[in-house]
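The structure's right below; bear with me while I get my questions together.
To keep things simple, chains are lettered A, B, C and D as they appear, and every chain counts its residues starting from 1.
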Amino acid sequence: MKKFISDNNAPVHPSVMEAMARCNEQDRNSYGADPLTSEAIDRIRALFTGEPDVYFVTTGTAANIVGLAGLLRPWESVLAAESAHINTDECGAFERLTGNKIIPVQTPDGKLTPELLAPFMATQGNEHLVEHRVVSISNVAETGVLYTKDEVRAIADFCRNNGLYLHMDGARIANACEKLGEPIHALTEGAGVDVLSFGGTKNGLMMAEAVVVFDRAKTDGYRFLRKQMMQLVSKHRFLSAQFLAYLTEDLYLKNAKAANDACHLLAEALKEENMPLVNPDSYANILFLDVDDAFVQRLAQSYPLHSEGGHLRMVTSFDTTKEDVDDIMQAVQNAKNDK
Amino acid sequence: MKKFISDNNAPVHPSVMEAMARCNEQDRNSYGADPLTSEAIDRIRALFTGEPDVYFVTTGTAANIVGLAGLLRPWESVLAAESAHINTDECGAFERLTGNKIIPVQTPDGKLTPELLAPFMATQGNEHLVEHRVVSISNVAETGVLYTKDEVRAIADFCRNNGLYLHMDGARIANACEKLGEPIHALTEGAGVDVLSFGGTKNGLMMAEAVVVFDRAKTDGYRFLRKQMMQLVSKHRFLSAQFLAYLTEDLYLKNAKAANDACHLLAEALKEENMPLVNPDSYANILFLDVDDAFVQRLAQSYPLHSEGGHLRMVTSFDTTKEDVDDIMQAVQNAKNDK
Amino acid sequence: MKKFISDNNAPVHPSVMEAMARCNEQDRNSYGADPLTSEAIDRIRALFTGEPDVYFVTTGTAANIVGLAGLLRPWESVLAAESAHINTDECGAFERLTGNKIIPVQTPDGKLTPELLAPFMATQGNEHLVEHRVVSISNVAETGVLYTKDEVRAIADFCRNNGLYLHMDGARIANACEKLGEPIHALTEGAGVDVLSFGGTKNGLMMAEAVVVFDRAKTDGYRFLRKQMMQLVSKHRFLSAQFLAYLTEDLYLKNAKAANDACHLLAEALKEENMPLVNPDSYANILFLDVDDAFVQRLAQSYPLHSEGGHLRMVTSFDTTKEDVDDIMQAVQNAKNDK
Amino acid sequence: MKKFISDNNAPVHPSVMEAMARCNEQDRNSYGADPLTSEAIDRIRALFTGEPDVYFVTTGTAANIVGLAGLLRPWESVLAAESAHINTDECGAFERLTGNKIIPVQTPDGKLTPELLAPFMATQGNEHLVEHRVVSISNVAETGVLYTKDEVRAIADFCRNNGLYLHMDGARIANACEKLGEPIHALTEGAGVDVLSFGGTKNGLMMAEAVVVFDRAKTDGYRFLRKQMMQLVSKHRFLSAQFLAYLTEDLYLKNAKAANDACHLLAEALKEENMPLVNPDSYANILFLDVDDAFVQRLAQSYPLHSEGGHLRMVTSFDTTKEDVDDIMQAVQNAKNDK
């Protein structure tokens, strides 16, 4: 099995598997009324300064949609980068399941800014149009690039000034934190995020994500929404066990560091080969190459990869090794020389 | 931890945990494009005579809703017993996520019959009313009772004669099969079921259910619907691994037998104590007692249980032992004598 | 054209047609930004003691759904009589367009009471179930019977005590007011109703209903909801003109009186013939007869009528005359004697 | 009242008012089971070569959404120009009421072409993404420009080749037909359109639009969808009467000609003044001016107008006169000279 296609292809981290096995030693109340769940929630809360509500779900799409659904009334919309996962990669789940509208914002690099958002405020209050209520950003963005703490803060300030909520799709938030050297609090709650999809599956968990609802956005409705969205797993303790392991001895950051380090190795090697990196200066564990179809196909013979937005994508995981990097670089060189 | 509250409180069967651990030994393609998934689908297909499509999901609610969604156009409805899980116990997920209507049918015991369904056919074709398109039954029913093969067949015939589909919520279908001595094919596809929620989680899996779409109901739309309903798990192989273990050496039937046998022991003991069983003649692993609130509260001191529809519910699992039965019977006697 | 089938078969009252013609004399701003609309809203407000918000729409189904949608969050439900128009006669519009669930309550006569509603409060707060938030009653009820002011008040008190809103489908509220000798305020706002569908079309208008949102339920969201629900008519002034005529010199009550008086004549005549009236003691302009299919068919030869819930329905309108009553009674006698 | 703000501000054409008055002379069956409705449907059918199904509704938004809803399964999407009314001007009605997704396509001038659509075909069949099923175009487009018969045909061919349906928002289709000198059949059914919103309200009707479903798209579902979408008006004959008048002696074309001629006068006058017309070469009854905010405000003192997409909009109606054009041109000159 070749690496670099997706961080979803990586295994579950051994500590997580062990935690799940330990969790199985006895009967436990279902639907989250068990001690492991309380402990996991407390552990997440301890990362933040407020007392956020925490809801575990099974997929990143579910985390995003449950998180957003709690912020929206029927006539309200979400502003997101055109390239956002919620807009492009969830088979219309958001529209189908919430009935709300996503307004795709054109961006140069997949990142929103207050300047890009400002023009949308001109039509607020007009009943012929949806009322914008939430801004959603992804960190790491789908284009591989990162939002710094200050960039998030700037968007959050814009949101506060305009009566909007700020949602963060953090499917790879651990990678962003590790790369930027920021604790998770600083990049989320501390920077003004209202609801966070705290990703786990792409970083060593089996299937577990957390919706973290910070103080300003808390509502009793979320627990109903999670159930209604089919995400209240009956043997819920097996989601909690994953997050407990994830937060033990900072496994989430260690896994992210392993992936990010491998990605850095890869980036340097690609630069050395003068490969056209789309995001050479801002990345965590995803790189994009601006190469032509012929190159993609030559490479695919030894290394099938995923292309997105016209660019070849390379993703590292917590288990990517230096050997894996050497291996793909060999293939890259071959594909290049075959030209 | 006390037993009998819910079959969701039971652990994951050790063979299933082992299969999941084995599944973790290497990188695998995500989203179901892996060999374990193909194998698991083939294994399920082998239980039937047609070539059903199979979609793994994480919860029973999700299995029901994905399964039903594929059968319905916007103006169509589902006829179900008023007591059906989809009607009462899923926080309105069906209406929210599909937008369709459930027509709750009043029943004496939680089971539908052609006679109960027939009056609803009188209004078909009238655009002021929803058009009934699907009948949904649960086997084991939420009231603990079973549909025999002939009873399912009778409903299926009614459906065929009236242009309807038949959906079965089989969250506990293995228990029904084992108790009735019927292979799963006979109680489902063979009896005319069009779409089956093939339950696993309540019977020894961690979180895995299968939507099985038989020939008459197959459509390319289901794979989109599963994704849109947020049920296309990225590390999908961990769902498949559960089902593979479940179908190996008939684990699903063995687990069901253990639960059913314990339930039978319990039923006999309760009869001996002249306890008022609601479903003394038709049960697999669920019993209901028609007892007053005072009794429920006395029992709750040693044995907290779940009440539903005004009746005290006792559920056995694959790991319920004779000692567990003795234990609760002691508590029952105490509660009775305290009267 | 025979009468008594539906009050929708009656013409538009001449004063209303004249008002619409007058409204056409010049260009006017669209979407309700015109003086007639302001005047019509003021005229409706003058009927009440608070300052309700008023939204004109084109159909009764739309009035109900816009009115209810503004009261509900995604996981919340409406408690309504099983026979309620929103439950049975709107082709699933409520579920499709709001995504919320209606809980049909079994009633002896189509009317809700606090006693019938009380059991549903037992499960509030349980995330596995929908959270009941609105009680919806119809006055006149679909079964022809009336809620008195005190009966509405009792339900409203129940709602206040349980954190619920009270919605009234008043498609025939003018008939109820006239029959009970109560001003509209007394039967609605004064009795604790939160949102009213103020019907017009069945009582002499062409196509115009008003959603009246009383103080406790007011929200800025309704104006967006009306647009989103496709009910913000562009030449909106033609809805307003209808309501202005309706409220001029109490036309709404005069029309209702004509219909009710004709219905009373009919009821007395039917009683004289010993015809089995289902609602002999409580009616405004609708009567139901408990007659067999053979009778229905004999009558249908001269008088086709609508049957509902197994009963033959007779409806009077503002233009039903004594001659119309004599005419149908002759047909009833013939159908009876043919037996 | 000033003209040019919107064609919704114009009155109802006198012939239409008369037809509505005549329609009121007697009782008629409700919900479209009346002779006027049959006649109106036949009259519309006579404009086409197939035998389309016809459904009258009250607003343009409703016509679009009912028309589109019948073409879509839950996971499917509509490709439309970013500037399309369904995308920008219906308060998210499409997403809320159908749950489907609109994919906004960036265009230079508000018109789609096969070239602009082609890239979206690359991802068909991928369950992570919505499946594109319908292309929706507006003629007249929201930017004022027209699609010729050949341009529609080219898009329709693209649709047929790619398994898509073609929907046309024809809120101003009569203006397009008149301007291009094409019968309505040629610009719609004859050019491959599958479903047409046949507009009336902006062209002399009071509130009436028709959903015309051509042979390839016909389904029994539409009559249910219209009811479910709250558009089955009870006194339906008053919608039919409007369309009957509209189609009598080509009133729809005569009204369109009056509006188009006035627009042409205005365009020539504006060109003479060297005003920067956005669509100088392609228009029917809408012009856009690329002027700065200061100009807009100066003009607004005597002539308040609507701006859209950063451009000042001027719309003519069937009742716009040469005097009206002179009047606004005087104001334009004043605003220009004040500069």
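The definition used in the following text is that a residue touches a chain if its C-beta (ideal position, glycine included) is under 8 Å from a C-beta of that chain, and two chains touch if they have at least 3 such contacts.
Quantities reported herein were computed from a predicted structural model and do not represent experimental measurements.
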| item | value |
| --- | --- |
| Contact-graph distance - origin chain A, target chain C | 1 |
| Inter-centroid spacing, chain D versus chain A (mean Cα positions, whole Å) | 41 |
| Rounded Å distance, chain B centre to chain D centre (Cα mean) | 50 |
| Computed distance of Cα centres, chain D from chain C, in Å | 34 |
| Interface hub residues of chain B, defined as touching at least two other chains | 31, 74-75, 90-92, 96-97, 99, 127-128, 130, 224, 227-228, 232 |
| Chain-level touch network, classified as line, ring, star, complete or other | complete |
| Chain A partner contacts - residues on chain D that touch it in the complex | 74-75, 77, 88-92, 95-97, 99-101, 104, 106, 127-130 |
| Interface residues, chain A side, partner chain B - complex | 1-3, 5-6, 8-12, 17, 20-21, 24-31, 58-62, 65, 90-93, 96-97, 201-202, 206-207, 224, 227-235, 238, 319 |
| Contact set on chain A toward chain C in their complex | 31, 69, 73-75, 98-99, 127-128, 130-131, 221, 223-228, 232 |
